[in-house]
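Shared between the two complexes below is subunit A, which has subunit B as its partner in the first and subunit C in the second.
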Partner chain A sequence: MKKKKKDWYGVIRVLAAVALAFIIATIIIAIVAEDPATALHKFFLGPFSTKRNFFNVIESMIPLVFAALAINIMHKSGLFSMAADSAFYMAGVTAASIAIGCKLPAGVHQVVIILAGALVGGLIGLIPVLIKKFCGANELVVSLMMGYLFFNFGYWLIREFFIDIANGSYSVKFEKTASLGKMIQGTNTHYGVLIMIVAVILVWILMDKSKFGRELKITGANRRFAKYAGINVGGVIVGSQFVGGAVAGAGGAVEMIGMYSKFEWIISVSYVWDGILINLLASTKPLFIPLAAFFISYIRVGATVMSRGGDVDAEIVSVIQGIIILLVASERFLYTMKKRQEEKEALENQLIEDKKAEE
Partner chain B sequence: MEMFLKLDFWFTVFRCATPVLFATMAAMIADRSGILNLGMEGAMAIASLSGVLASGFSGNLLVGGFVGLFCGTLFTMILAYFIMNMKANQVIAGIAMNLAASGGSIFALYSITGDKNTSNSIQSKAFPSVEIPVLKDIPVLGDILSGHNVLTYLAFILAIVLFIVLKKTKFGFKVRAVGESPEAAESVGIKVHRVRYQTMFLSGLLASFGGIYMSMGYINRWTAGMIAGRGYIALATNAMAAGNSLLGMFASLLYGFGSSIAIYLQNMNMDPYMVTMIPYLAIIVFYVLFSLYYRHKNKQHESL
Partner chain C sequence: MGKEILRVENLTKIYPGGTVANYKINFSADEGEIHALVGENGAGKSTLMKMLFGIEEVTDGKIFLRGEEIHFANSTDAIAHGIGMVQQHMMLVPSLTVAENLVLGIEHTTGLFVDKKQNVKDTEEISEKYNLKVDADKLVRDISIGMKQKLEILKTMYRGAKIIILDEPTAVLAPQETEELFEQLLNLKKDGYTILFISHKLNEVKYLCDRLTVLKDGKSIGTYNVSDVTVEEISNLMVGRDITLSYDKDETEIGDKILTVDHLNFVDKFGTKKLDDLSFSLRSGEVLGIAGIEGNGQKEAMEILTGNMKCDSGSIQFKGKDLTKLTIGKIRDTGIAHVPEDRNLDGSAPQMSVRDNISAASLKKFTNKFKLLDQKKIDEYCEESVEKFKVKTSGLNSMIKSLSGGNVQKAIVAREFTQDADVIVLNQPTRGVDVGAMEFIHKKILEMRSQKKSMVMVSADLAELQALSDRIIVFYKGKVVGVIDDVKQTTDKELGLYMLGLKQDSKEKLMEA
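Then we have the complex of A and B:
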């Protein structure tokens, strides 16, 4: 009973943050757009305007879900590593390399690609935590710089080995056997959706139902206590970074062979910020992540539809996302509401106890 | 290897070190008061864009510089408000602000000028380069140290000033006291909140100088993503400097060294992406080495 009330407070807070962000966005759009009514209509309802737009929401949700799952695992340890971006990009590079360079039968090809992507992602996820363990350098700083490093490194590899000379910036085409295949006719939505659902369930089991997940939660919440409880703290933390990196890597590989037929990531691909936001919105519960990712994907597609009109840039989404993160992360946002509720509860409890005492 | 013999190479080291030195000092002053200012990347982006826009529209360099500094500092003060008054996690809040700044700056440029990603239609002014009277006539040193942008000299002078302020002044003492133990500082009557707002203000101001140097110093154009992680690199150089801004100068020059190598190799027709890797790799390697050194030193200290 008591717990339920507390959860409601969390939900209201998130909804209020989202609402406030949308109000600010609406005001900005109203100022900037020449025809605010049309722009806002496109922004809020654009994803429902055509079948293609709607399924656009579904397919662009896939990398968001993978990124948020990765962040969920990696940050629960109490380490703020952003290595998921490097893992995602390098897994994409790995996927593209295998998709171009290896001749395997369909079915096997995709499985090999996704497993290789996960492995590369996992290894990259280990870099910041191992550097921290052995050298003491801050994982946040190292992982942020790794993002720039691996983007340049990965794209350089593609340019060096698989560049399409005629095009100059993209790679040559993947083997047909490597593609994940389109799931719904007339859209870009591919079978990665199913892999995404499997990933959500696996991460849910790992985090909420397994010994590893329990130990990780305790470690993240209170490292000293975890040590006294006999948990292998170092092992759990390092493990979480590997698994998180692997999830991001699998996501990178799925995105690469699901959405593309050649390597096209010529600017750095970043999903960690979205991952952090989605994980926050889902209040770090794996099962809520797809829901939160759908929402973020929805406003993204809405903004893209709106920007086709011409006068409002789609980047307004970043501002909305920033405001939501800022408010949700603020302990004091709607704090008085929480305090009032707690006071009320305390008073009720007091009354019940008084009654009991009278009896 | 012959590039190391060229004077131009060493000149470029100082040029590339400048924005990172500003940001390093920004990270340092916040850090010394106990705040991790992750918003420098965003502050630099905001300052660089608003500076270009203001100088382009007003046709006045100083107006541009002032507006750039104002916007970048305001941005940092908003972050400070959320960290201190709203009790937001400083890492998450910094990330949120940077996200809003990176997208918001592109959005603002497009809404105001119609330019996408690069401020082509704006004629911005740039801060001038200056020759230092006596220095410029000394053979090798003059070629390397004279003729830099005004802001480069400002950065290096401020690094010395910051060293003195932190070590010798009452304000510096308060900052360090708050950083080391806010409770103890509070108990002797230092207003922790006020000191932290002051350091965040200075931090924002310094980061904004780095920002306007990027878009109104060596070049006078704003491009999306032009800060390219310099605000994050400063976190590493600050950690390397361990609170000493003279060491921060040295750490920034190490970054400048990596960048200068990259620029030279690129001119020699090496793949641009392979070359761009170098400064980031260099800073990770140096950061790791410094961390090892500090860890070793602390261990020795403990065993005594």
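Then we have the complex of A and C:
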């Protein structure tokens, strides 16, 4: 009984945060737009206006889901590494390189690319934790700095070996055998969606059902206790960074060969912050991550549709995200509601006990 | 005795998560009295005091000081009203001097600079005035626990406290230091100070206090004159039955040495030698008690024995293996279970469920060949443990921190006693738990003894050591200084002499330990 009520509180909180963010966004749009009604209509229902728009939501949620899954695993250890970005980008570079440089039959080619991306991602995931262990540097700072390093290094690799001279900044085209292929005609939605679903299920099993996941949770909750209970804390943490990096890497590879036919990431690509936001919205439960990612993706596409047809910038999404993250992360948001409820219940229980005692 | 100075009416406190810590508490204290608050752990004594000191928000009810209703927003408020508190865990800065700690936050200054001389002078003056001797120039980390306690009391008085709350002040003191503290408290009482004294130890209450209020399950049972009630009666009021620490022990055969600690040395990060060539051994089937004032190496010895710390030199032989070379996981696999000293820091993950906490040390047992957990078996195991060890919880999903201290400890004991280990290390197995839980844990320890398990038990509670141990060894400055084979005949006083380093057994006798 008690447990269920608690869960509801979490859901209400997230929904209230989202609602509040939408109210504020609506007010801003109403003030800014010349034709608020059309703008709001486009914003809220834009993604449903055409088939292409709707599947836009689906395809753009794929990297978000991978990033959030990676963050979910990496941060559960209590280590705040942002290496998922570097892993994602370098996996993209790796994917592009194999897609251009290797000649393999279709089917094998994609599998090789995704596995290679995951491996590269996993290895990159290890860097911050190893530096922390051996040099004592903070993993957050190291991993953020790594973002610059790997972006420049990765892009340099592409320019050095695979640049399309005619174009000057993109690579030459991938082999046809490397593409994931479009799943739905007339949209950009590719078979990566299926890989994403598999990834969600695997991460769910790993985190909620396996010994490793349980040990990781205990380690994150109280490292001293984990150590005392005989858990190989170091191994679990390093493992989590590798697996998290690998998930991000797989995401990078899927995105690269799903959405593109040549390497086009000439500015750095960042999904970690989205990953953190989505993981938070999903209350760090792997199965909720696709839902949260769909929501974020939806409002982004909605904002884009709105900005295309009017005078409101798509940046309104940042405002909404900012408000949501602020409210969901604030422990005190709607805290009194919970407190009052708890106090009321506790007192009722006391009264019942008192009565029993009297009888 | 003076007139009423403090009164609380229907004070209620509900913590986040719906834990009712205090429910309609009523009591009052008179000026110039030592008023005891007694009750099992988890009865709500500390919570009540925290509300009086403004650290915890009051959910419902009223507090009157000298007849006027007051509301404290924080502890600064309480201090301004003349209430001071010495917390259970001392709130001192180890790297600062005694004087600096005393004046912390309200230092005398000359312009931008701290006036060190004046601060030291103040410290000496106040120390002189109340006859609470402290060394103003020494660093806090170098002074004894007894002196730290005095410093804490001085801190409250320096800030103008007239009502001083002491939360289990004797928990960390040797018997001799306790006596000294009591003398000083009685002096303060003569000077008109009001002291609220929280304690488990009823003999102390009987000796020191004028009146006492009994709390049970977060409710106030009543206030009594100490002279009107006996220790047994107080104990009855607290738990509703008689508790004596004497148990019938099964006659068991003590076997050969199964675990040998050999010449252990350890120097901590401050350069203090915590273990000095420590050697002792454990025989199969015995309960080996370890006595000693805290900080004489017991903790370090237990941490090294269980792998939580590494020693500088020496070895521990068990089943032909040197435990000092193994990881904690391996040591556990070899057959050693461990009830740690601090149940919240090492013994549990407070945010996690009862289930996760109980199963944490046995995950290996419940993992199938695909490395997945057998959730059903885990549930069965946890349910059985909760039932066998009478852990009071609304369910396996409850966060373990929502349980009372005694129940958390029972859950930890349940986990460790079901590991099928040959040796169980018990570090303060009943510290800060209520009498009911204490008795329960003691019975379980004796049950394990009947099953021929060997146990090492460190405890600050001498009565506990005497009631359960087959043999007691006393630690002093990282060494064993006394071996007591005839536990029943020994007295607190004798143990106290060993603990303070005033008595030492012969080399030959110690060699046999």
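Definition applied: the second predicted complex is superposed on the first by the 350 of 359 C-alpha atoms of A that agree within 3 Å, B and C clash if a C-alpha of one lies under 4 Å from a C-alpha of the other, contacts with A are read in each partner's own complex, and residues count from 1 in each chain.
The rule we apply is simple: a contact is a pair of C-beta atoms (placed from the backbone, for glycine too) under 8 Å apart; a residue touches a chain by one contact, two chains touch by 3 or more.
Quantities reported herein were computed from a predicted structural model and do not represent experimental measurements.
Visitor: For A:64, using the defined touch cut-off, is the partner it touches subunit B, subunit C, both, or neither? Pick first, second, both or neither.
Guide: After superposition on chain A, A:64 lies in contact with neither partner.
Visitor: Which partner chains sit in contact with A:339 here, subunit B, subunit C, both or neither? Use first/second/both/neither.
Guide: Only subunit C; A:339 stays clear of subunit B.
Visitor: Answer with first, second, both or neither: which of subunit B and subunit C does A:216 touch in the superposed model?
Guide: A:216 contacts neither subunit B nor subunit C.
Visitor: More residues of subunit A are touched by which partner: subunit B or subunit C?
Guide: The partner making contact with more of subunit A's residues is B.
Visitor: Once chain A of both complexes is superposed, is A:73 in touch with subunit B (first), subunit C (second), both, or neither?
Guide: Once the two structures are laid over each other on A, A:73 reaches no partner at all.
Visitor: Name the contact category of A:229: first (subunit B only), second (subunit C only), both, or neither.
Guide: Once the two structures are laid over each other on A, A:229 reaches subunit C alone.
Visitor: After the superposition on A, what does A:292 contact: first (subunit B), second (subunit C), both or neither?
Guide: neither
Visitor: Touch test for A:118: subunit B only (first), subunit C only (second), both, or neither?
Guide: Neither: A:118 stays clear of subunit B and subunit C.
Visitor: Where does A:32 make contact in the superposed view: on subunit B (first), on subunit C (second), on both, or on neither?
Guide: Touch partner of A:32: subunit B, not subunit C.
Visitor: Could you tell me which stretches of subunit A are touched by subunit B in one complex and by subunit C in the other?
Guide: Common to the two interfaces on subunit A: nothing.
Visitor: Mind pulling up the subunit B residues that touch subunit A in the complex?
Guide: Subunit B residues touching subunit A: 82, 85-89, 91-93, 95-104, 106-107, 110-111, 116, 228-229, 232-233, 235-236, 239, 271, 273-274, 276-277, 280-281, 283-284, 287-288, 291-292, 294-295.
Visitor: So in the complex, which bits of subunit A are touching subunit B?
Guide: So the residues of subunit A touching subunit B come out as 32, 80, 131, 135-138, 140-142, 144-149, 152-153, 155-156, 159-160, 273, 276, 280, 311-313, 315-319, 321-323, 325-326, 329-333.
Visitor: In the complex, go through subunit A and note every residue touching subunit C.
Guide: 2-3, 205, 209-212, 214-215, 217-218, 221-222, 224-232, 338-339, 342-343, 345-347, 349-350
Visitor: Name, in rising order, each residue of subunit C that touches subunit A in their complex.
Guide: So the residues of subunit C in touch with subunit A come to 12, 14, 16-20, 23, 59, 306, 308, 327-329, 331-333, 338, 340, 345-352, 356, 360-361, 363-364, 366-367, 371-373, 375, 394-395, 397-398.
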